[in-house]
Each structure stands twice: as C-alpha cells, then as structure tokens.
C-alpha cells in the first residue's frame, strides 16, 4: 500500500464550480445573442431590469433548491401558490401603509412557514411522495386564498416595500438586487457551512445512512419544506413590491420554472448534489431567455417552441446524469 | 434488516387493497350523494369523463416505472388531438387516417422524450417540461385557433352503451387489457428492472437506454389514445385541450400505488386511481361543498387518502416511544 | 493448455486517480486465477473492463488470441464473460427468478415472457445452493428481501446461468459464511474441470490458497507479478501485495470522555421480530464478539442497540441509565456508534465528499452553537482520520464513491472515531478490507477498548472474531445460545459451536 | 326542480347551473357574485329556486365533467363561461338532448346547441385600437401585449385590432404575450422597452394594462408612450394619479355582468319565449358594450368606482326589461 496521499484540500467545501460557471457563460451568451437580434437588449438599464425580474424566481428557487437537495423525490410544487398567498396576506395587512409593513411580512411568512410545515409533516411522518403532497397542497392553498379573499384580492404594497424593491441604490441598482444577493449568500452559507446544510446533503444522498449516522432525517426534511415555503413567501412579498397591487394568481407561474432554475444550475433531482449559486445563475438564464423571446417578434407558437428547444439545449450542456458505463 | 428497508423507502406505496378500498369508498359516497348515480346517463357520462385521464395515467405509469416522469404527456395529448382533428375534418371515412396520425404523433413525441432522457441523459422532470413547450407550441402551429370537428357518429358511439355496458367503460377495459398484455412482454420486465436499479440492470445485460426510450414511446402511445378519447369526448379540436391532464396523471399513478422512485407498482392501480380522482371531484360537487372550498377539499382529500395509506407504514416503522 | 485470456497494458484514469496503470493478466482455461492486491489497487476496475461496465483508456484484451472489443456488458456476454461484481447487480424489487434471468429472459413469440422456462432456468442455477436457503429456493420472493449472503448467492447463480467461459468473482465471498463459501468452491471446481477460467478476488487469503491455482497481484494499478500458489507461502504473497507490512501506526484515538472508564452496558431481555430475550453485560475496555452462523440476529442486535430496530420488549442500560432505543439520533447522542454491515446502503454518502462523510457524525461538536461550521476545523478533523486510517484518496473533496471498497470502509469507520463514542457497535467492519488495512482496523478496535470504550463486534470472519474478542456470544435464531470466554475463543471453537447449533444445516 | 331523470323542461321555479372553469381572476369572482345577486332577485319572485355553481380552476376535460354534473343535477339551464370555443360542443349536445338550455357568456362557442350571450370582442378591441391609432397617428410605432396566443377571445380581439392598425397605417413593431396577468404584463413590457425604447404607443388588453403602465412608468416614458388601458380600478387609480401630468388613456368595459344578462335571457327562454327576429344572429345574441371610460368621462366613473378594490372591473348588464326586449 502506498503512502496515503492527502492533497492540498483546495476545494473541500466548495462543490463543483463547473455548472455555475457554465450557466453564467450561457447567460452572457444569451445576452449577447439578444443584443444582436434586438439592439438595446444588453443595455445597462435592461440588464438591471432582467436581474430584477430574475430575483423573484431566484428567491423562490432558494427553497426549491433546498428541498430538491434533500432528496427522496423532493420537490415543492406549491411554491407558486404559497408565494401568491403570502403576497395576498401581506398586501391586505399592510394595505399600502408603511406602518404595517413589518407585521404584514411577519404574518405572511408565518403562514407560509406553516404551510411548509404541513408539507414537511406529510412528506416525513405520513410518507406522502413530495410531488403529490405539494401538488395537493396547491388546491388547499387555493382554497385558503379564496376563503381569505372571497375571490377578490385587495390591499396594496406599502411604499417602503415598493421603494425597497424598485428604488435605486448605488450604481442605479434596485434594492431588490442587494436583497437577493444577501439572501443568496445566506442560502450558500446555510448549505455549505452549517450542520443543517451538511445534514441536508447527507439525507439527500442516502437517507438511511444519514439516520444511522445520527442525523435526524425527518427533522431535517421538515425544516427543508418550511424553508421552501418561507422563501417562496418572501418571493411573493417581493413580487408584491414590484407589482404594487395583488392578484389571485400573482405568482402561480413560478411553480415549474423554479424547478427548472434549480436543475439548470446543476442540482440533481435525485438529491444530495447541488447548490444555490448554480440556481441563482439558472434563474438569470431563464429570465434572460424569456426576455429574449419576448423581444423576438416570432408569434406565440414559435416562441413556445423555441423556448422548449433552448431549454433542452441548456439542459444538455450540463443538466445531465451520470452514465452507467465509465 | 427490514427495519432499514423501511427507513429507506422513499415514499408511500399504496397496496392494491388500499387503492381498491379508496375506489369502493368513493363509489359508495358518490352514489349516496348523487341520486341518479346508477342511471344510464350518469354511468355513461361518468365513464366518458374518466377515459382520457385513465389512458394518460397508464402511460405515465410506464414512464414512472422506468424511473422517469413525463410532464409533457398532456401536451402530447393536445398535439395528437389537434393533428387528428385537422385530418379528420368531420369525415367518418378519414377516421383511420386520423387515428393513425394521433398514434404517430404520440409515438414521435415519446421518441423525442426518450431521446433526450435516455440518450442525452437529461433529468426527466425538467427535460419533459421543456419538451412540453415544444409540443404545445407545435399544437398551436397545427391548429392556431379552436376548430375542426369530429364526426357525430364517433361522439355518439362514445356516449353509447352496448348491452347496457357503456362504451367508455369498454374503452377502459381495453386499456387495462393492453396493459395486461404489455406486462407480459420482455420490454415491461426491463422497464421494471431499469426503474428499480439502472446500474444493476445495465450490468445484467438489460439494454438500459433502449428500454428507457421505449418507456417514453409507450407513454406517447397512451397519450395518443387519451387524445382519441378527448376527441370523442369533446367533439372538436382545441389547442389547449390536454395540457392540464399531466399533473393529474401523476396523482393518479401515486394513488394507484406506483412508487415515483420507479420499479414498483403497475397500471392497474393507476386506472383505479384516475377514477378515484374523478369521483372525488363529483363527490365534492354533489356534497354541495361551497365553491370557495372545493379545490381545498379536493386537495385535502387526495393528501388524506395518501396519508391514511401511510399510517400503517408509520406504525410499522417505530416502536411506540 | 492454451491462453484463454490476455489483458495487456490496461489503463484507466478517473479524474485525478490512475486506477489502472498498465495492468497485465494472462490466464488459461480450466484454472482458478486469483486477482489480488490491496484496496484500491485496481482489481475491480480490471474486472470491470473485462465485463464491459468500464471502458479502459487504453490497453488490449485478447480472448483465444483474438482482440476483443468490449464496449458494454453485452459485448462481454457475447464473448462468454460473466461477472459477479463487488457491488451486486440485483434489482431488489424483482423476484429471484426474474433476477437470475434478467437481460436474457426466455421468451416465446414476439418477445412475450416464458415464465415456466424462466423458473426452470433459475431453479437449475440455484439448486446447488439450496442448502443456503434452508432447502427451499425463494424463487418468487423479491430479491431485496433476502439477506446479503443470499443475495450474493443469487448473483452467483445469475452468472452461472449465463454459462460463461470466463467467470469473474470479485469478492463474491465477502458476505458469505463459511458453509456457503464451501458450496461455492465446489461449484467453481466443477467449472474448472469443465475448462472454465475463473478469476477470483478475495481479501481472505485462506480462501485464495484453498481454491486458486495461480495469482496475479496488482499494486497501484500495475501488475507486480503472477505466482503459482502451490509454490508460494502466505507471507510471500502478502509481501508481494503490500510490500512490507506497515507497522500499525501509533493509533491514539480520541479518548472517551473522562470518567467513562468504568462504563457498563447492560442488556436485559431484548426482544424484537428477530431477537429473543437477549441479555448480557459488557464493560468498558472489553470487546464482545457476536458469533454463530450468519443471519442469526447479530446485525439485528447491533441495530437494536442503536435504536434502529423495533423493540417489543427489554431494555438496555448504559452506566445504569436506560438507553433510548427509539432512534439512532438519540443513540448517537448517548455516545453510541454503529458501523453498519451494508456500507453502500447504510454507511456512506456515495455522492458526497470524503470530507463530509468523515465529518458528519461529529461535526456538531466542533460547530459554533452546534450550527455554524468552520471550514478549517472540519478539514483538520478529516485530515486526522485520513492520516490515521491511511485512507488512500485524491482529494478529501472528491466524492467517497471514487474510493476503492476498502478505503470506503475506512471512511465509514472513521466518521465515528471523531465522535469519541463510549459504545462502539461494529458490524463486519473489515468486509472487503485488505490485509494491511485490516491490521489498522484491528489496532483501532483495540485502542478503543484500551481507552475504556465498550466494543461489540459482529464478524463473518471467525478468525477475526477470535483475534479481537475477549468474549463471544454465539447466537442462534435470535437468542444467545452459548457464551465463549477467554481461552475458549478460538477459531475452531467458534466454527464448531456455530455448526453444532444447526445440525439440520450440515453443509 | 323535481322532475327526475331527463332534467330540463317543466315550469317555474327553475334550477340554473353555472359552469366556470377559471377562478384565478377577480373578474370571474365578480361575474359569479353578480350572478348570485341577480339570481336572488328572481328567487324572491319565485321564478327560480336554486343556483348550482361549478367554479374551479380546470381544463376542458374538467369543464365537461362540471357540465355533466350539472346535467345530473337536473338543472333547467346552464350558463357557461367556456374554457374552449369548440371543445365543449359534444357535452353541450348532451345537455341539449336532455332539454337543458345552455347560454355561453364572455366568449362565444361554436356549438349550435348553445345561445351565446356575449359582447362583440372584436368591437371591444376596435374601440381602444382606434383610440390608440388616433393618438400615435399615421406612421406611429407601437408594440402589443396580448393575452394568450391561440385563445379564442385573444385571437378575435387581436385580429380586429390588427386590422384597425393596418388601416390607420400604424406600425406594429412587436407582439408579445402577457398571459392576461399583470405581473407578466409588467415584465414583458419592460423587456419590450429595452428593445423598442422609442415606441409611440402600446396596445394591450384588460388584465395587463396596470402592469404595462408600471413598466412604462418605471422607464420614465409615460409622457412619450400612449397606453390603451382598462376599465379596472387599479389601472384607473394610476391613470388618475398621472392625469395631472397630462396622461391620457382609455378603458373599454368588458362586463363581468354579462352573466347577469345571460340569466335574464335564460329565464325568458325557459318561460317559453323565443328571440325576436334581428336580435339574434345565428345563435349569438350580442349585448352592447356598456360604456367606455375615456378622458372626458373619467371623473364621473372614477368618482363612482374609486372606492372599490384594485381588481374591480367596471361593470354593466342588461336590466330584465332590456333583456325582455330581445324576445318576441
């Protein structure tokens, strides 16, 4: 046996920079393509706009990343509805008044977290497959929304929230981007530098082994679903700041794109592999793609087909699974 | 070692009895709430309603068994349906052509999915989400606005009964029979093996890539059959008609006892699961649940059904602490 | 006899690891050829290039003198190669029959399955091993419900059913008990007589000497020589494999918390589905072995003590305090460690870095507020274990799946050593571990005991039990049948005791 | 109603069913609530006894099930806001065969077994398109934020508006889809502005104008870009605030109250009356667009509706008397 080789552990805690860099390169390529086909697309103002739009998806996808990493078929299809519900609660409570902003956000996030808790309990204690648990939850939350609003969402964003989201800070960048950066760093830290994060990866990679290593797998999973719903709720609140008014289906459309952003970012749906940096870039890629498709005047049908094809190309660049034969 | 096997279980897998029990309960409750549940019209119309979801659920089952999932099945239904209805143009003599077109489209869509999932090795949830855009976009190209018509004979026969047995029920039995036949074929055995453990299957000489492609192709085949049922049920073409069947098909698969992780389960359960799903909607209606709460109750019932099935697993798993 | 198989200059690189670095192997039909080497030397990789699950970067494989292109398992099958890999290829949800015929299912017209023919073929392949299933072949049981040894036999039967000319057995005996091994050997000898080439890999040298004709030894991915075993002594072979045996390092493991020296574990009437009224007492500093035929509840007992089995009666006290037997997490917090028997399923996080695998069980101790990790201290902790256990790796950031089997096992053990356990439960801890590493692990076990920890050890290897245990409980059908103490703990005694208890199963 | 099995027919009081396949929109809520209020009036008169509401987010297949449930509930008439222009044809026939009268609202359907009671979507679009064309003038450049491509109402509206712009020689630079969703409309308009910062106007439909406005406002181009608006309170609030700076817009009412108009028609029809000649074209009864909010009458409408919540659509429906005039 040769002497044990311990290489300089240069990337002990950073996992696979590959997909992130690649996704970033693709985002840049899309922007350049956009500028070529519709000049103005790569202007500073438009880039900032795109980043701002990406932020909503990016924040919602934080939780989606966590849940997917947790494995066991982990996925949260209810993020869109939960985001909508949080925005509805928030807008009704703050009702356009800065004074009520904090309680409004707190209440909205608490309700979101409670929904996440139910998802988590269903997935762990009752062993309902996450896909179906969170799918059923969509109907439940929709019912709660109708009951809460009577079918008419009302209320308005507090000015402070709007100026946080839309207002320009340094470099003419909206506050939302700083907020997203901070949340993103928090997510990365949580995943890479905390016992929760490492437990999460362990549970995702091999739940039995995790339990037999003393990890409380159920608790970890429940926390994952609570975080997912909470970040979704936060995304909904931020979206409220952007639109200022609220609607019954405000954030519903984020359901599958949030999963796509995670996968494009290199996280494996099988669980146990991935990270948030990739997801953030994935959210940007998807948003730039939508922006590009919007400015191309190719008609709804063509746009839809191109959207699908480009997604496939993106995925085939790195969203691939291992091969069976090495 | 059974303890650890349970810890390892990725989710509930309903037993056949649980699914059947659910169906019986749904039928009993529904017939109690709906006075004319057993009338000829109610029976034929109920079964007519079930067929599209049943068909697509069988297709989804095969894909799920292979370890995948197909979020484009609904879009495939749409594309197959609009292709068929365009050719059909209201003429009965064109029916064989239209059926062939629907099947051809379904198989081609399945082949594309198989290609991207098995050969390019893209992750199925997102890959098929992407192909669903391709299929729905193409559906709009084929049929830019709703139109086209199905010969009246087709829609009439679909709503008819033969010797008191609804034609739509016969269609469901036909789907079950098709499944029963497939189940006895080597390809389905390989589908189970690949879904159960791809690496082991590969080392055991199973043509993994080809099997995966075939699973998606079979998914497409059943999507095409669903499309034909949709056409018979609706009587005309619509470029959005099937898209929402997708998620319901996954719910039906799980209610039917197939593990989303792959390799375990079967389409028999999914057929029952699809019927249960449709009956729950009826029950909620006939129980006069206020409209505000219908979706809530619907979602909660599905979660509860799965939860009840999960409780035995819970009890087995841990000692009373 | 003419050369049947010739592998020359085979190279395979995985990222930063050169798994095979120009390995050669030449073998003839009608011999049992051992493929030996320390953990990570490339044995399995070489086997896989032959079986088609790994495509080498370069090198040549000739069969009957013809250059063979093996692009996948089915190419290998066409050339008459069948393999039992170290990592089993059993599909747990399929029945035993379905597994045995998998990929080569007998079919009738149009590809429809012929169930009768499949059963017949499976029954024929398994018949030889009937005794291992207490006479009744579990043809229709899902293979996943079988024990590890039984699964291993199904895997062997599957390979045999392919009627190979070249049969690869990569640690195919690792989960087998002595009796089962004997049956397998009989079959192998018949195959040899029929002109089949059997490539045999095992870390149990007695098996190698008992069965094989020649041995090719790999080191660091290169062939260091081929020897006639009849003319080679064990020491010589070991030296060929590992160079001079390293002195077990000065293994100062983290000592258990002060005052734990007098720890006492008292088990009273422990009963589960598979255990009947098990009672015993162990003290700190003692190694308690669990003996008997395989599958008599040894693993279940360890799992039960770790809170991972459903207990219907009984209790366990550590220093007089009742142990929570309800969850592994609680057990771990009470100072218990378990090295489980099934490394892949229960022990490791294949896709996660070696670093995390090592840190996981103990990181909360080093974390700020049990939550915030410091990269540097985690790195240091992992490095300590890598050095102590001499884990051969590229970088600690690599997934643990990139390690050889033996090195993976060291990682699984290492994660608990960082946690300063008071009670260490070991389920076959040296399965698949090479001679050198085995010595290291033995030294660790002794050091743990010397520092006052309680060690409970299950092993499929009676030699190992005899060497390490102060006392052995022989289990039979979930109950303690006999207790062997001190001088009575010998390999022979263990074997005879196990067999005597199962007269119906004379193998 | 008490007659079993075959449903339909019989005299007063009538049972009416509503099938609505989309609830993610305040407009639909208003539609349902308006119908319920009008229904209560008829109930007092003893003309009707029960309103059976089927309202959920669903697809065509689900709506077929809704309608079958209503048939099984023995309703006398069904008011349906259809999820498809064509794909409910066969189930409508089932209803017709059981003697149930079906009225489609909001969007016309092709089935001859149904009476469409709808506004003229093409005309609805033409009003705002003409206004915008007038604002940007010949040679003006505009972009368009439409609803969902392939959706019948969307196609009808856009085909009419497109013609208006062609006739007025207005250049349509790009057409994008905003999914009848304010947030999406806002994002889409933001993207369009990046590529076409110098457009003179944007034509959009109801349900997206508020988002489009915010996007233009964020780009600080409200003064340069004309926006065809919507008659909803949220948009009108923005309009009101911007009026001081000279902002002008238009909001054509797309009345949720169409359901109420249809209810009046249904009661008349169930009473055995038939449509007067000239009032029905094929199987379509076109009800007038109630009114249009414009620069001139803004104050008046804002004064009346400003207290409602943002999602409220300005509304209007036929009175029972007006509805009766459609019959012989």
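Should a chain be cited, it is by its letter among A, B, C and D, assigned in written order, with residues numbered from 1 in that chain.
Keep in mind that, in the parts below, contacts are C-beta pairs under 8 Å (C-beta built on N, C-alpha and C of every residue); 3 or more make two chains touch, one makes a residue touch a chain.
Predicted model, so just to flag it, every value in this text is computed and none were measured.
Chemist: Check every other chain and keep only those touching both chain A and chain B; list them.
Modeler: Of all the chains present, those in contact with both chain A and chain B are C, D.
Chemist: Ranked by contacting C-beta pairs, which pair of chains comes out on top?
Modeler: Counting C-beta pairs in contact per chain pair, the top pair is A-B.
Chemist: Where centres are the averaged C-alpha coordinates, which chain has the largest centre distance to chain D?
Modeler: C
Chemist: Please tell me the distance, in whole Å, between the geometric centres of chain A and chain C computed from their C-alpha atoms.
Modeler: 42
Chemist: Cα centroid separation between chain B and chain D, in whole Å?
Modeler: That pair's centroid distance is 34 Å.
Chemist: Using the average of all C-alpha atoms in each chain as its centre, how far is it in Å between chain C and chain D?
Modeler: The separation of the two C-alpha centroids amounts to 70 Å.
Chemist: Using mean CA coordinates as chain centres, what's the gap between chain A and chain D in Å?
Modeler: The computed centroid separation for chain A versus chain D comes out at 34 Å.
Chemist: Which chain D residues sit where two or more other chains touch them?
Modeler: 23, 32, 57, 149-150
Chemist: Two or more other chains in contact with one residue: find those residues in chain A.
Modeler: 142, 146, 150-151, 208, 211-212, 268, 300-301, 303-304, 324-325
Chemist: Would you please write down the residue numbers of chain B that are in contact with two or more other chains?
Modeler: In chain B, residues 4, 7-8, 140, 144, 199, 202, 291, 294-295, 298 touch at least two other chains, as defined above.
Chemist: Give the pairs of chains that touch; include all such pairs.
Modeler: A-B, A-C, A-D, B-C, B-D
Chemist: How about chain C: which of its residues touch chain A in the complex?
Modeler: Listed in rising order, the residues are 14, 16, 38-39, 52-55, 72, 219-220, 242-243, 246, 306, 308, 327-329, 331-333, 338, 340, 345-353, 355-356, 359-361, 363-364, 367, 370-373, 375, 378-379, 382-383, 386-387, 390-397, 415, 434, 436-437.
Chemist: Which stretch or stretches of chain B touch chain A in the complex?
Modeler: 4, 7-12, 69, 71, 116, 120-123, 125-127, 129-138, 140-141, 144, 198-199, 202, 208, 247, 250-251, 254-255, 259-261, 291-300, 302-303, 306-307, 310-311, 313-314
Chemist: Along chain A, where are the residues that touch chain C in the complex?
Modeler: So the residues of chain A in touch with chain C come to 1-7, 9-15, 193-196, 198-199, 201-202, 205-206, 208-216, 268, 272-273, 324-326.
Chemist: In the complex, go through chain D and note every residue touching chain A.
Modeler: Chain D residues touching chain A: 23-26, 28-30, 32-33, 57, 146, 148-150, 173-177, 179, 181-184, 186-188, 190-192, 194-197, 210-211, 214, 218-219, 234, 309-312.
Chemist: Per the contact definition, I'd like the list of chain C residues that touch chain B in the complex.
Modeler: 51, 53, 73-74, 77, 83, 85, 87-94, 98-99, 102-105, 107, 110-113, 144-145, 147, 158, 273, 299-300, 303, 308-312, 325-327, 342, 345-346
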